[in-house]
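Each of the next two complexes has chain A plus one other chain: chain B in the first, chain C in the second.
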Partner chain A sequence: MTKKTTLIIVACALLAMAGLAQAQTGTTTLSVAVAAEASLTVLTGTTTLATTGTNFSIPFTGTTNLTYFIRTTKTGGTGSLTLKVTADFGGTGGPSVATPPSAGDALTYTCTVSSPGTAATGSQTASTSASTAFGTWGANASSTKAGNTASAAWSLTDDPVYATGTYTATTTFTIAST
Partner chain B sequence: MTGWLTIALLAAAAVKPTVVPVGKIRAMDITPDAGANFTLTVSPATITFSATNPGTLPVVAGSSTATASWNASGSGGGDTWTLTVRAAATTFTNCSTVPVSAVTVTCSAASVTSSSGAHGATANCAAAFPLSTTAQTVASGADANNTLQYSVTISFTLADNWKYIAEMSPACTLSLTYSANVP
Partner chain C sequence: MVRGKLTLRHAAPWLLLALTSLPAGGGTGTATETLSATLSPVGALTTPATATLSKTTTTFLPFTATVPVNYQIRTTPTGSGGTITLKVASDFSPSGGPAAASGALTYVCSGANLGTACSGTQTASTTTSTPVLTVPASACTGGGGSCSSQNPNSMNLAFTLIDSPVYSTGTYTANVTFTISAM
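What follows is the complex of A and B.
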């Protein structure tokens, strides 16, 4: 009786050993440095300014649409979107940002910036000598993967002294994040 | 390891204590330790990603591949060995906006060799998959009744995204755990 019991135990042990899986583990640490960054796409490559007025009371208007992409640092991060007229209206007798033909003539714009950005308040006057405000955002901000929307609604004084013709200016948008 | 203890307890319960030779019990007790007698080595210890601009670099490669290797004696008989990997958390530490699913795990090479020559074991890479907290198979193959050297090379990529909040310091980290299972 004693011998038989021992054999059963050994048989169980061998069966257990045969089915025993060996398993060991190891580790790796993945580390990612996510840098602050900003990017911009101007959707309206050419914005045509036009007026519906007949007595010079309604300015030339048009809208430029943008998509902006940002991410800022959790603490202390910030960012801005600005614009500058880098090439003034050319030609003789036409409108000019740097040297308007009449007092009060101006190229102005109002901004729309979707969250997390905040648009510059009120009407801004474009300049050829300095960048002007468009939008800002703070720390811990990020756009969607597809980007967020922004737009500039332009207004150019309709001055009777403008010589007839087509005039072109170039505006450069600059975006930055930290 | 859990399966083995259950069987041993059942065997002991079936035996009358007064008739079991003490020496046999001791022999059984040391068996589980011998069954898991190999070491899984993973190198390097840390792999880094530099996520600079999702617009110009939407997919970021890791700084290097990882290699998992171990030597073990297989049982043969067509049993399957596996190497799995899982993440310790659903997001990177210090970067809660970066999900582990942004990391794609790709097995680039898997091999089983034996110093004694032909062995019949095989090694196959699994298809690439997004990382998760659930263990997923990186590579597997048929085992053989030899002492075998297993090696699996793994690459990692990170899908960068504007929605990730920037964080350079402290570092955003994630611990991965590999498990090598040999029948």
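What follows is the complex of A and C.
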């Protein structure tokens, strides 16, 4: 009697278990190392330099806008934004960054860099042979998720010796963070 | 002649009982045992203990990692089938970095050789379980025929973690729990 009762109880339990959902879990640890980074977007793909003057006293001017993204290391991190003229004004008889036709002719720029960056001070003379200063930032700096703004206000001497025509140059911005 | 009927389910304590009831002594006897196994729905899975989210550039592109999931499952003909889901059991820590709670961690399922992988991009959650795989009724792992030919079955999850400039530099970890269930 006792055995029968036991068997019936076991059988009922097994029948009940047959319809139950069985579940099991496993866990994976996701690991990510977040390092210093930097990137930028040039918003003004082509910047047109123009002048309102008619007597060579007013230079050609234009503005290039950028958005920069940065993250620097908490301790000892740093970063910079520089630019270089990677392709001089083409054609003959026009302006030139590398070999200006007249003394004093130059392509210059002044910078604006929103916080956390700091703009290079004063007017900078662009170069085809060296990168020139644009902005810097320090340790534990980060831009917003949407990026921060920066701009270069260009100025190109209007020299009478320039032959009429349209001339183009290419400027490359470089951003770095550690 | 002794005829016995035996129901066997995983461990059958009465098997020993039935066998010991057979007649002892000389003579010839024939014993016929009917073995009946009642198989319950079962699911099991394995995932790597760790997975590293990484990238090859440093320009705020997302971090990615592929996590393989191996699973074995058996569902009943009359049940609702089986599922694999996941949940972020503990969000990225320490603070100052990414957070799954803000929707930064997503995944795409692919390559399931039994069942149907989740479709589209899923956003991992710290509060609710999100789909990984659904398995129909009457499905089973291994053996071929009406079951899959692979054992275990496998699939992949491609995780993507947003890289935001506002994250502080450092290493962050989160735990993702996968749950397989079968009916």
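Everything below uses one rule, namely that the second predicted complex is superposed on the first by the 146 of 178 C-alpha atoms of A that agree within 3 Å, B and C clash if a C-alpha of one lies under 4 Å from a C-alpha of the other, contacts with A are read in each partner's own complex, and residues count from 1 in each chain.
What we mean here is this: contacts are C-beta pairs under 8 Å (C-beta built on N, C-alpha and C of every residue); 3 or more make two chains touch, one makes a residue touch a chain.
All of these numbers come straight from a predicted model, not from anything done at the bench.
In the superposed model, A:S31 lies in contact with both chain B and chain C.
Touch criterion not met for A:N65: it reaches neither chain B nor chain C.
Within the superposed three-chain model, A:T78 lies out of touch with both chain B and chain C [touch as defined at top]. Once chain A of one complex is fitted onto chain A of the other, the partner contacts of A:T149 are absent, as it touches neither chain B nor chain C. After overlaying the two complexes on the shared chain, residue contacts for A:T47 are found with neither chain B nor chain C.
After overlaying the two complexes on the shared chain, residue contacts for A:T112 are found with neither chain B nor chain C.
In the superposed model, A:S131 lies in contact with neither chain B nor chain C.
The intersection of chain A residues touching chain B with those touching chain C, taken from the two complexes, comprises 10, 17-37, 39, 69-74, 77, 140, 142-145, 147. Interface of chain B with chain A (complex): residues 1, 3-4, 7-8, 10-12, 14-16, 19-21, 24-25, 27-28, 31-32, 35-42, 44-55, 60, 62, 66, 68, 70, 72, 75, 92, 95, 97-98, 103, 156, 158, 160-168, 171-183. By the touch criterion stated above, chain C contacts chain A in their complex at residues 7, 9, 13-14, 17, 38, 40-54, 58-60, 63, 65, 67, 76, 79, 89, 92, 97-98, 105, 159, 161, 163-183. By the touch criterion given at the top, residues 3, 7, 10-11, 14, 17-39, 69-74, 77, 140, 142-145, 147 of chain A touch chain C in their complex. Put simply, chain A touches chain B in their complex at residues 1-2, 5-6, 8-10, 12-13, 15-37, 39, 69-74, 77, 140-145, 147, 177.
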